[in-house]
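I've put the structures underneath this note.
Two complexes are shown next, each including chain A; its partner changes from chain B in the first to chain C in the second.
The block that comes next holds the complex of A and B.
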């Protein structure tokens, strides 16, 4: 009988958590009323959507040359910006790793990486279009910066997790700093670095379709033009092509990643 | 015998190490070892055995004292001079510390990193003599067919054999072994000790080995050093190590 109060304490009520839950639900309802999120508005929207979808079907591939041109430019933007990003991220990652580089250097490099990551790539693309003009160069520059930020940050974190025992053993042989990185660090992080790079290439393929909307080259420009001219059947053709390309890239990079393990 | 007169072997004078100011891990170690033979250092965990070994090849920075290897003081060395000294000292580790994702051959050849250029190391263009020596060492440690296997595919005993080959690849003037058998089963431990003592004896390299197992220390070493609380409290041949010494080194009574 005396054990009952002890048992009842096994799952004590968490009042702060319950309060947060109630507040969250209350605020959600308030925000919906503020933004006119009503059922009537939703049903009107659904009707518009069905008309829009009907105009997209069947997809129109008659202007496939225009489509292919845009797609190839997008793939080129993705490949070039990934390659540049990977090459730049390798030294930056090494310089940002706290277990390798002196503290002032890591802070400086981390600041630069944070700067690369701070703005969304579409905003960066707009800035480059304004600065260096319309076209693929602006898209490549924007996506390179995004790639550097992503790969360098994760690469630095991977380096900070290496086993220092292996590094110690290489240092004990009398190896110089460059050889310690080559034999003690890089073998431990190489497969993860390749994984990050592949992932970023995947992302860049997707992102390169978008930078065209702001004028930075690629199929996004074609897509945006088709939207503006209400060529919804051509829009559907472009979207289907992009989806097919991303699926293909996903499969290929998945295979490569599995082979790396 | 004046310490300065000793031009061969290892001489340690007044070696002090504190990781945290005021907390001494090594309390003024004085030690002179000849340029041959096997010395075993025994003592409880945390008594500074590993720190002592790592001060010798400067993986740990000594706080004070001198360490003379064949007449050269290692403590003031910096940069390139320090790396030149390190490549003369081989080290075998408790957890083998192989580069897991490199092949056995690459691990063994990493013992030459103090000798070859960065480009040679990167492109694996090691001198033919180094590669030949690596194969000879692979045979000597009993892994003739494992050259292209990745280090993480090996068993513990095999890994330690590679560790020994890597250290000997340096053609060291001194071999340090930090608990080389503590992660191994008893039989493999004996095999590794036999291999290490055999190879160092045949090449005339002095060996200093930190070891937990007093029986192995007695069996393989010509000299035993007992440490406790950061000081040397026994130094002599294995025959003279008696029960009361062990009580003094490890403390307590009941375990003996």
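The block that comes next holds the complex of A and C.
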């Protein structure tokens, strides 16, 4: 019988964590065998990768007109889909906020927003391409849906966090519902709404360079065609341009966000 | 008396001009985009009709097709997403340690790691998939690497931010005992970022499930391949089944992530 307990270790072994680690390793091995990921394949891939990179260099900017055309169309898709998404998300966000709208309405709107969010924008773009034909319109429609899903969800959450004191104060003056929303709620969430919108514009700019892969307009179509024709030097030029544009957009939106704060 | 009649404004003239200028440039950009974007009016006019036609062709979904090929592809998609997330962490953790300014003191290494993270984030997962299809050939291997390389930037950035926010106290205390650098990170930094780490992992896994569903469109394995085939053969009832399957798996993943996050954090 020991009167002193055994000195506890400073860092005792964490058995649950170790078990999780073992499970992860086991899963990785199992999944790798299922996906046919082997070392031989990896090493062949490395050889292919060096050939691929060699063919990408130097980037070929001789067809810059095609590139500029695609890029401009991508920017247009991003601008229009963000604007439409923001305009549609405003009423939907208000309708989905549990502290404003009646319950059946919020459930319905939330269902719609969740539906907008759950399908990847490329899949939505495919459906729109099949339904309304090739071109920028399909891209705009697809990215609008994605924007509505994202902005409306965050906007509704922001509205649910507003302080009700100001809302009650406006109501106490005898203001109608429109005035309550306009003067009691929107001023409290305006800056956050602007933040979401800016973020979505940023991500629409990224995504609009991609919807072209399924024929929905923008530079993605040019990129995909270049890939299919093994024009890897032109692919490199397109990728560099896209990365430069996204980087520029990130810098600009970062500046705007800093200025808003 | 005249002093009391002063007119008050919320913004200075310069601020008013700035706001006006911002509004004007937004409107100008939208008008420019609307006027020059290539929209074919005939397509726009019969869009509702075409949408209805598509929906009619999709209904009823060919649910029997699920067992014939969708299930296997769906499982493959899950493997791609999970394995891709795991691989991304293997590469993202060292990069995050290099990018965190309070862990790695060398400015050059910080910027270098940041550059790699930004590059990884700027290239979309579908473009990564195109690249890896060219490298590994079509199949799930390309998809897994596409998911992994796309996630590195996201995971690395968030982990680096979490690392930069930790309190330096425990690190200094451990260093003062003479602990080696690896122990300082493992016992000083890791416990502080553990909740953020699991949060990021779950968040990214959720996103990756969505993204891996479309990788098949460029031949990188998963359910996207089946979807692409069904669309190319105009088998819309099968497309509806596949879309339902994707929808359900995405919703299940979101529920699982929300539950786990509530328990972990």
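We adopt the following convention: the second predicted complex is superposed on the first by the 240 of 261 C-alpha atoms of A that agree within 3 Å, B and C clash if a C-alpha of one lies under 4 Å from a C-alpha of the other, contacts with A are read in each partner's own complex, and residues count from 1 in each chain.
The definition used in the following text is that a residue touches a chain if its C-beta (ideal position, glycine included) is under 8 Å from a C-beta of that chain, and two chains touch if they have at least 3 such contacts.
Quick caveat, the model's predicted, so the values are computed rather than measured.
Colleague: In the superposed model built on chain A, check whether chain B and chain C fit or clash.
Modeller: Pair status: fit.
Colleague: When the two structures are overlaid on chain A, which partner does A:183 contact: first (chain B), second (chain C), both, or neither?
Modeller: first
Colleague: Given the touch rule stated above, what does A:101 touch, chain B (first), chain C (second), both, or neither?
Modeller: neither
Colleague: Looking only at contacts as defined up top, I'd like to know whether chain B or chain C touches more of chain A.
Modeller: With both complexes superposed on chain A, more residues of chain A are touched by C.
Colleague: Just to be sure I read the superposition right, which of the two partners does A:67 touch: chain B = first, chain C = second, or both, or neither?
Modeller: After superposition on chain A, A:67 lies in contact with neither partner.
Colleague: For A:52, using the defined touch cut-off, is the partner it touches chain B, chain C, both, or neither? Pick first, second, both or neither.
Modeller: second
Colleague: First (chain B), second (chain C), both or neither: which does A:219 touch?
Modeller: A:219 sits against neither chain B nor chain C.
Colleague: Considering only the touch criterion stated at the top, classify A:143 as touching first (chain B), second (chain C), both, or neither.
Modeller: A:143 contacts neither chain B nor chain C.
Colleague: Given the touch rule stated above, what does A:166 touch, chain B (first), chain C (second), both, or neither?
Modeller: It touches chain B, and chain C stays clear.
Colleague: Where does A:86 make contact in the superposed view: on chain B (first), on chain C (second), on both, or on neither?
Modeller: neither
Colleague: To be precise, I mean the smallest distance between any C-alpha of chain B and any C-alpha of chain C in the superposed model; what is it in Å?
Modeller: Minimum over all C-alpha pairs of chain B and chain C: 5 Å.
Colleague: Looking at chain A, which of its residues have contacts with both chain B and chain C?
Modeller: Comparing the two interfaces on chain A, one with chain B and one with chain C, no residues are shared.
Colleague: Taking the complex as given, what residues does chain A use to touch chain C?
Modeller: My answer: residues 11, 24, 27-28, 31-32, 34-37, 41, 45, 48-49, 52, 72-73, 75-77, 79-80, 83, 114, 118-120, 122-123, 126-127, 130-133, 135-137, 140, 206-207, 209-210, 213-214, 217, 223-224, 227, 232, 239, 242-243, 246-247.
Colleague: Contact residues on chain A for chain B in the complex?
Modeller: Against chain B, the touching part of chain A is residues 163, 165-166, 168-176, 178-179, 182-184, 187-188, 190-191.
Colleague: Sort out for me which residues of chain C touch chain A in the complex.
Modeller: Against chain A, chain C makes touches at 29-30, 32-34, 36-40, 43-44, 47, 50-51, 53-54, 76, 79-80, 82-83, 86, 118-119, 122-124, 126-127, 130-131, 134-136, 139-141, 144, 187, 210-211, 213-214, 217-218, 221, 227, 231, 243, 246-247, 250-251, 254.
Colleague: Report the residues of chain B in contact with chain A in the complex, numbered from low to high.
Modeller: 57, 59, 80, 83-91, 93, 95, 97-102, 106, 110-115, 118, 121-122, 163, 166, 170
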